[in-house]
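The following pair of complexes shares a single chain, chain A, combined with chain B in the former and chain C in the latter.
What follows is the complex of A and B.
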């Protein structure tokens, strides 16, 4: 099979790269072994959340600029500030044409609220999490209602409220708790406690029960002007549903991400896949890359689980297999490896140095910044020490940054994926 | 005893991603979803088979859960196994027996095809089938040919294939054998245009409907027969099937689910578009004329599961003048014999509804898909004619 670009990994980085390549008219395929980790994410995109001292960053692009100047191993420095800016605009544009609006706070960070009630800085969020109107409501200092659906066990509003109270922004705000009961729904033998976020999102999607739910919200929230619900206001038509609910209740509806599966993340995943397929990309789900020879400094082809006799080949390859969670990096008791091609990995040799003794260490865990070593073009090095020139690496498989401590996982995935696409289109023009 | 190879449920991290993508869970809350029915409950069933849950019967075995799983758990296999090993299922199931005996029913139906096709359209007969056999009244049946493809092949086609130096073994499957000779003939035409002769071996139903209806012993017998027959084909000859589900069974289910040794045929067996794609890429491409057709492509579940969609897309993209709209992957809902049963009919239609909407909004001239039951489902629910990729190539071939 001869593709222009073959991307291994269908997550945030792989899809961003794929959309850009397909848009440029390249024959692009993504092979994706299992669904990506957007299904486990908050659905907000962080660009640069915290600085070197762990302080919240207000202007993320200033922080990115600083990183580009000072830390040459950081993926941001390799992508460069202009490409990073362009990639963010590109991302907003592509998700928006797929029907998902992502807002930013005039290029400044905003906070989104986690299920535990923590505030996390982010650059982009969906309109139920950040919008100019939402900002007004937060600043209005009026009453907030934190609500849940009766029987839903993947979210506890008491915890959200308790942690919000500890934050100075919300310390003197009145926060009330409330429960909305699920309308009688279909002729199901299922116990309400078994409903997960997707089940509830599907009930919302029918739009049948909205008046009833709106009525219950109005009653339980009283005079609160803002109502937070666990994020399941529908998957594909959530904008229309949220608008209707806001009209019917007269309240600002906020969404808080739940335990997986995260509907907020799912919406981004769906928007990106729609965009990729809409641009003519081929998304091959359930296929896993297993190996490929790159001794000559060029990756010749890859073997996948199903291809057997006839391997898959392309002019360029992008490795976007993610970090440990997604299987892009693995470890045994001795060392950390990149399992598909055995590319060189940046990591401490000693296992005892991989992690910190404290789970919530403010300095984070060293293993979070491990990953494939790349040169300034995102090209990796194979096990013979040769740079592989037709392979580019993007996203969490990269080394040189800590997505948790720096709050930059989303930004690195999008900008490095985009940067790889730009490099490939540049190479093909030559 | 727990068989070591069957502990893939241990890799489940409870992320519930499979349940998001389960077409049945999307259509009804009666099915608790692949995570709960598969890996969650399996550990209980292993301890005590009495803990089996009747909701397992909602699973269509489409395998989209396995495609979605980030941890590579064989979810659908776990469910299929549990369904037939633990559920106490009534032995007297005339409908399921007939539906899964495609060879038996097919050979009788083709012998009196004129009557069969007439009778199957009669309202009274359909009411009776609805009442007695619990087959949905609104479901349309494919019409039967007047003889089996294998007979036609031996009589009319085989003599013309002797001149070819290179040959492939064609696994036609029941649908071509009893219901759709045209596809078999198109396949021969395409192979001949690529300078391959075609031969067939003795074959029985691949076993997919038998597995789906719980006749595992009979499925094993058929599988052993097919393995035996196919591996006696001359060394080096490729075995090609035009049904995606047949190919999936021959290559994967025979070994992983029925636990038979198919190692001698696995490497040389392929679904048609993969073989054709390889030949096209190596330069063996017949002369084709511009088609000037706009078509929508729907990818069947089992083809996705075996990673075959990329080959079909590759072949279709190389046909000149074929304007292709690739539909976002969705299950059509019929799942073989599943949609032919009263108790599943509404779920089956609900699952397919999103695909039908997508087809309508794509507004093509034809729909292309690889699977015969997807074809039945789409043709019944939309006004579009559904073509097999091989047929589309045959349409594009320049007449000699």
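What follows is the complex of A and C.
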């Protein structure tokens, strides 16, 4: 047996779990099919953004505590408040060691600004989104420049500005628009007008361009002291880039997440992968688990796409394959399924019950809460009705919570991934 | 209050209404078209886009069949960029009555439709995805037609000839003086009232014609018949595939643009239910299982959307059930029928015969106002269809731009390509990657084609109609709509919201497999990442916090 722990899925949940296992000295591998949901996230981590009535939560841990008490099927109730708290500290610590600072507002939620100028609550954000200095800037009455790059098709600052203006905090602030152009970069064969955020992030990461970008920002922002930019201040050395840009422009630079790929999310993704590998974990990309027998109540091994008939085995497995979009759940016109092991899912039987009548119904959609049914140890149930004791489930593949309506997708992924690692290390000690 | 004087007022912006507006304008009369929603947003845009050869009607309704083949030939000439001359097959399944095949050949001969019997092997060569168990095959001159482009091209031609096109404008009153209709009172989307006076009002509002007549104080009874269709992702057939049997549910698969459509069901609905366009799970079941019989791959292909339309059938004779009521044209002169001057109604018919209906209505209108000018709509090509542009010329003229991008714009707008595409890099960048819609095409549509919201923009360009149903391009479209002055930034976000709700209506009935996956992603982007649905509440909450 090659591994102590084999984690299926390299997203937020799988990586958190993997780092914790590897840190504890377990032989840990993650197999990952491709991009994870961080690539289209805001890059802020939400823990408990909205309460049952859809109202914004101020103190997320109070809301988590309430959930732990009242909703036994919620992953938070299974992880328990102490583990959730510990997992958050762990996450902040690990990303920080990998060079990415995540700030919180003294355990309260803060808001981050979306591309449409809406405010969304979050627990953790990067410095360019939430920091003590950012808070000062928000509370000052100074002018804001909402900027874009000329020809960037994935962001429209006019919309951000219009909706910020509708918000009471910004209603009496002067908000101007500005456009940064990169004419000196036009000698490329590529169509600059079709660049995505990652292409632009690459320009920022090219150090020699920074002074010119800074000059453009200064010119376009005029006397505004705060500048918001669509998020692409580099992926790996973003902290240094942002610092230099702030020095060169003399302005506070705020980042707004745009259409995917999300640079803010990619930074977290990279930091987590670095951390996992740094702790000795093995990250296997481009691989997919396809099946595995668990009739006995223990998963014996798994078959993967690339290893063919050679099964891969481990003492423990973590299923962190995500929801529908990531392929952790699938459906046909009759039913919802967990496609790898055919574990039992919690879902409505009739298709007409899967969704709400309106796309943006305040109640969101039932299918967002569907997922694998687990017991209090995050163990799933196989198609013979037996609990599979050496498999733990984490993240969006779990049922019992709505990541969007409750604003808890990040928190559940991190805490359930962490909780699974704790359970595994506990089992191994026995 | 605004006031407009004109000659002819047309109510209804479907193919027929737009066709009449064009016809009237081509006879040098002033014309105003009023549409309560958008062009082709009613029944016109809710059919399967089949350019009938007439074969479908050749056994039971010879007159309709003859009309179809005549118009089929005309449209292939005047509407080049709206039509695809794919050809069609009628195939007999083992469970079908083999005699119908003979009847059909006979009927086609009477109607003047070139129907050619071909060996099954040949049919399978033409259409490799076809059910190999078919017993016989007949080749007919069916094709496909895009109802959105067709209607838009008619409206564009009319407006270039001076007609006024008022979309998102609703008739609230028929202005009468005694027994004479003098005009209409309407209200636009901003709530502004507008009075339009003319010599004659033509009611071309299809199934909604009953309401218009009620406003005029007369009675006209429609027998709405609902037809549902299913769009499957990918174009799985290259020619129209018909089932060789008397018309029934789920017996036709039409390729169109990048997708294929399975049609249709037929269900009588009470008049007060014409607005809830919901496709039931049972209808989906029928369409999928019957579609699968023609092309077995159907069940393995992703269902993209389902939608339905309401046929505006008028019971002229005594019949009153869906498929049995003639789909023939009903032209009503209300001065003869009801003693009300200045109003005529045109209804019934099909998308295929829109031009003929327009011609008949305009002929009558001209007679009534004492104008003697002949119809020329069958001779003059629609804007964009004047003549083709060879691929060679396209490549030469637009070198540097991917040919697929140039080709998509050309496919949708024909010769107007030249007023849309430039070699400026921003112009040809892609906004909708599924359907290859460029910024230039969007700019052109916003400025020239009566686009008031993102749903209108979709009908003109196909933005958001591909496999992703607007995942990224909806946002880009909303951004561009406000950049090009089609909406304020604030409105553009509301329109984005509405657009995604509209897309959802069609996705909802087929929400499984990749469709569910895609919807989850779209929800993540717009609600999770952008928080689009919370503008009001967040604002209120922030106020409380202070």
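We adopt the following convention: the second predicted complex is superposed on the first by the 426 of 430 C-alpha atoms of A that agree within 3 Å, B and C clash if a C-alpha of one lies under 4 Å from a C-alpha of the other, contacts with A are read in each partner's own complex, and residues count from 1 in each chain.
Keep this in mind: a contact is a pair of C-beta atoms (placed from the backbone, for glycine too) under 8 Å apart; a residue touches a chain by one contact, two chains touch by 3 or more.
All figures in this text were calculated on a predicted structure; none of them were measured in a lab.
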Touched chain A residues, chain B compared with chain C: C
Contacts of A:202 with chain B and chain C, given as first, second, both or neither: first
Touched partner set for A:169, first chain B, second chain C, both or neither: second
Contacts of A:194 with chain B and chain C, given as first, second, both or neither: both
Touching partner for A:277 - first (chain B), second (chain C), both, neither: first
Chain B versus chain C as contact partner of A:260, first or second or both or neither: both
Partner chain in contact with A:33 - chain B first, chain C second, else both or neither: first
Which superposed partner A:286 touches (first chain B, second chain C, both, neither): first
Partner chain(s) touched by A:310 [first = chain B, second = chain C, both, neither]: first
Contacts on chain A seen with chain B and repeated with chain C across the two complexes: 37, 40, 194, 260, 327
Sites on chain A touched by chain B in the complex: 1-2, 29, 33-37, 39-40, 185-186, 188-190, 194, 196, 198-199, 202, 260-261, 266, 273-274, 277, 280, 282-288, 304-310, 312, 326-327
Residue numbers on chain C that touch chain A, as the complex places them: 281, 284, 288, 425-426, 428-431, 439, 472, 475-476, 478-479, 482-483, 488-490, 492-493, 497, 500-501, 503-504, 508, 510-513, 516-517, 519-521, 523-535, 537-539, 541-543, 546
Touching residues (chain side chain B, partner chain A) in the complex: 15-17, 19-21, 25-26, 28-30, 32, 36, 66-72, 267, 274, 277-278, 281, 304-311, 313-314, 326, 328-329
Sites on chain A touched by chain C in the complex: 37, 40-42, 54-56, 114-116, 118-120, 151, 153-156, 158-159, 161-163, 166-169, 191-194, 257, 259-260, 262, 323-325, 327, 330-334, 351-352, 354-355, 357-360, 362, 364-365, 367-368, 403-404, 409
